[in-house]
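Here it is, the structure, as structure tokens.
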Amino acid sequence: MKIVVCIKQVPETNDVKIDPVTHNLDRRGLAGVMNPFDKNAIELALTLKDSRDDVQVALLTMGPDDYAESLREGMAMGADEGYLLSDRAFAGADTLATGYVIAQALKKIGDADLILFGRQAVDADTGQVGPIVAEFLHQPQITYAASLRLSGANEVTAERLLEDTKQTLVAQLPAVVSVRSELNTPRYPTPRNIQLSFAKPLTVWHHDDLDLDDSRLGQAGSPTIVTKVYAPEPVKRELTPLTGTPSDAASQLITALKNRQLI
Amino acid sequence: MSKPELWVIAERRLDHVEPTTQQLITKAKGLAGDHFSVVTILLEATTDHLEDELSVYGPDEIRIARDDRFPTATDAELADAIKQLVDQYQPNSILFGATITGRSIAPRLQAKLQTGLTADCLDLRFDDETLVATKPSYGDNIMCEIICPDHRPQMATVRPNTFVAAPAAGAATVTDSPVTFHPVDRLHVTAATPVVNTATTVGDASRVVALGRGAASAATIDSATKLAEKLGGRIGVSRPLTDQPRFTHDDQIGQSGNTIHPELIVNFGISGAVQYLVGMQDSQTIVAVNADENAPIFDVADYGYVGDAQAFMTALLAQFN
Amino acid sequence: MPSTTAAAEKLLLQMVDDYTQREISPQDMAMDAAGDFPEGFLAKLTETGFLGIMLPQEFGGAGFGPEVTATVLNHIARGNASTAVTLEGHFKTIDQILKFGTPALQKQLLPSATERIFAFSMTEASGGSNPMGISSTATREGNHWVLNGDKIMITNGGLAEVYCVLVKTAPHELSVFVVDQDMPGFSFGKREDFIGLRGTPVGEIVMDHIIVDDDHLLGKVGDGGLIGDSAHDDARILMGAVLTGIMEHELKIATDYAKERKAGNTPLTDLQVTHRKVADIALRKETTKLLYQRAAQLKAAGQPYSEEAAMAKAHGSRAAVSAGDDTLQILAGYGYSREYPVEHLIRDARAMEIAEGTVEKMRSAIATAEFNK
């Protein structure tokens, strides 16, 4: 059984700045790390690998060459191999163009039974690429899975938490699953496995290695355009002071909260 | 010539309409003016009448596709049904709630339509017929305005509780628009049980008692725990308190992506760093207690008390009893 | 593309920082209060492979070099110094077995060093800084050695399962043997109640007629002084790293506090008195860091590093105590409160003016090295 986990590399902090002159995001000096939510997807894959002898776990990412660091980290956690989709032609892609290239790469890998995603990336916060890939591959999807187990030779059973409902879903493989971060606690890569991960295969695929329609790549293949980026300002409110002794002030607050039907 | 259509995809929440759908209809009406026609798309069972709840908010039209399989349909099946309607009516824009369901179906539909989708939006406006969607990134530290200039329909998912639903006069036209249900045999919902939402993280809590450096003693934390229980909420902390053994980064508000917007937040001993303020400013009611009258937290609070956190908390607890 | 080594070291430090932030820092205050590691804490550290960071890969370790190993302890100590010192005691012991053990002994012992903590014991009630004052003995009986004596104040004593022990093989002859807690005649004595580094156990072992073969002798008979000095050197580099971590923690507390607080209407960051203290803390931190890194570089390059290692510890230990004192003063009442970590960081740092050779002894060693140039 082959599991492919799709991961993304993100800046190590969300404390990003806007360049005051260009109004662009200033990413200088921001080291890249694996999207934390993707570690839950890798952990799920490794748990399944631990439970059965025949499970192979591959990692797949699209991005510049330094995204190899996140693939190594995932291999240091225990994944068997990594695929990096790297080409200038892929740059500037939105979720649709990203999903297209990842889907084409998954077609080339060919025999993935389970394709896993983290719930969303912490930089762009969309969570869209998983369903897009599922659609392009014509596979069923289970998003935001709260649990997942192999319930048959070729079948998974998952729980999914909607706002009001807990669903149980049964999918015949192959299928695409994205996972909630509460699903598990990702293991740490051990120091020894970090060293050994550098002996595991890391395949880099460029534009010409994949079967691609150029009009669907990168910025040109992306329907959306970011027109403005800005930092939010805290929104000021009109303050009603609570005054007097602590007891007076507490009494004023209780009245106010009652008026607002909060207590 | 008929007006371009602005769609709101209605979503079900147990036996009712998801509140976000109502919020979106009100917002869409505001955006539409005379230029767009606001159409609510409703996929429901033959015996359902969710249109009765939707019409209160006054969309121009409620367009219904009925099939008894819709209430338990999977993402791909729902996206397929909506795709058929899009092909038939060619809307200008489609809005979904950024609920679990909305965020699952919308990108699937986007891929079918090969168009743009902006996620989890906090604001929407039109420049002529171009939808300008504002979405947060980097854990709400950055806002982006995003457009989809050359592809139609334009699509967005909108964060729940971003807009306020308002009932509106005017009778909506209710029409039936049949679609063909294409079942996906490889995926089935085998059970669905309603859940009562219990707050497991500070981000889920509807009431939050927040503690900072000025409210860090063991006694104050004990009082705050009691206060949180009385309010039916949970404790959250600002960054300095994550150094304390009983708190972790899961309890932290702001900075680490833990943006919260509870009904009520009472801040004790928190002066208010920018990312903290941005991380909780969407709370409905904000109360601040701080010894420093110049603390920035008072700029964003509805109610403020300048004084000792422990003394105020003790007084508050006494009056609750 | 960066080299494989550099890439692996980067990943390692990333993991260490993540682990420290999530698993170690949150336990810092509790460890000091309880005077022990929390339940399950060391098990998880072990399971995550920390014990094997510098152990060569052929023995099941990760085989990272001296520089990155020291940096790992520096980063861990930002969260908690006791955890870093327990690893320091383990690593310096492995280092001596690698330097002085026979291949057979290494093959027998070292694979277990990924799961069992090792310790090096020199001090006795009758002699700390003066090794010749010790009274433990190893006497030859037939083809064996028989070990007797009491070793005290052992870093990880009681926690470690394998001990290198300094004993006399003749009235003026020191040698080092390796004993295992499972050997007949081995027992644990009392645990010290120290004021700092309270997570790390420091304790006593008692050897009552422990019989070992020749292969449990490190180096040759009479190499005890040499091996003891070598263990000190390796420990002192790592202690310089731990002290740097303590100072980084202090600096963060001081700057975070100064950035958020005002004296009257003046932000603390606008006060010259704050500038002076913060700059001094930063200078002490950075000089210590440069010293331990320099010593580690020399060690990695196979050059002498004894003097530089002594400098890292001699300078760093006083520097961290002083930096803690300045931090306490910036936080004033909060700094003096046991609800904040500053006071225990001072107690933690203070230990390293004594352990692995007092600062006075460090200065003698540095001066002697200078006279000999």
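So that you can tell them apart, the chains are marked A, B and C in the order they are listed, and the count of residues begins at 1 in each.
Rule of thumb we're sticking to: a contact is a pair of C-beta atoms (placed from the backbone, for glycine too) under 8 Å apart; a residue touches a chain by one contact, two chains touch by 3 or more.
Chain by chain, the UniProt names read as follows: A = Electron transfer flavoprotein small subunit; B = Electron transfer flavoprotein subunit alpha/FixB family protein; C = Acyl-CoA dehydrogenase.
These figures come from a predicted structure and were not determined experimentally.
Distances from each chain's CA mean to the overall CA mean are smallest for chain A.
No other two chains have as many C-beta pairs in contact as A-B.
Comparing the CA-atom centres of all chains against that of chain B, the greatest distance is found for C. Averaged C-alpha coordinates put the centre of chain A at 20 Å from the centre of chain B. Averaging Cα coordinates per chain places chain A and chain C (Acyl-CoA dehydrogenase) 39 Å apart.
Chain B and chain C (Acyl-CoA dehydrogenase) have CA centres that are 51 Å apart.
Multi-chain contact residues, meaning those touching two or more other chains, do not occur anywhere in chain B.
Residue ranges on chain B touching chain C (Acyl-CoA dehydrogenase), taken from their complex, read 213, 216-218, 240, 242-245, 247-249, 271, 273, 292, 294. Contact residues on chain C (Acyl-CoA dehydrogenase) toward chain B in their complex (touch as defined above): 21-22, 25-30, 256, 260, 262, 265, 334, 339, 341. The touching residues of chain B, counted against chain A in their complex, run 13-14, 18, 74-76, 79, 99-101, 103-108, 110-112, 114-120, 132, 135-151, 184-195, 197, 200, 207, 231, 255-257, 263-264, 274-275, 277-278, 281, 285-287, 296, 298-308, 311-312, 314-316, 318-320. Contacts from chain A toward chain C (Acyl-CoA dehydrogenase) in the complex involve residues 33, 65, 69, 72-73, 76, 188-195, 197-198. For chain C (Acyl-CoA dehydrogenase) in complex with chain A, the residues that touch the partner chain are 1, 4, 7-8, 10-12, 14-15, 18-19, 48-50, 52-53, 57, 60-64, 114.
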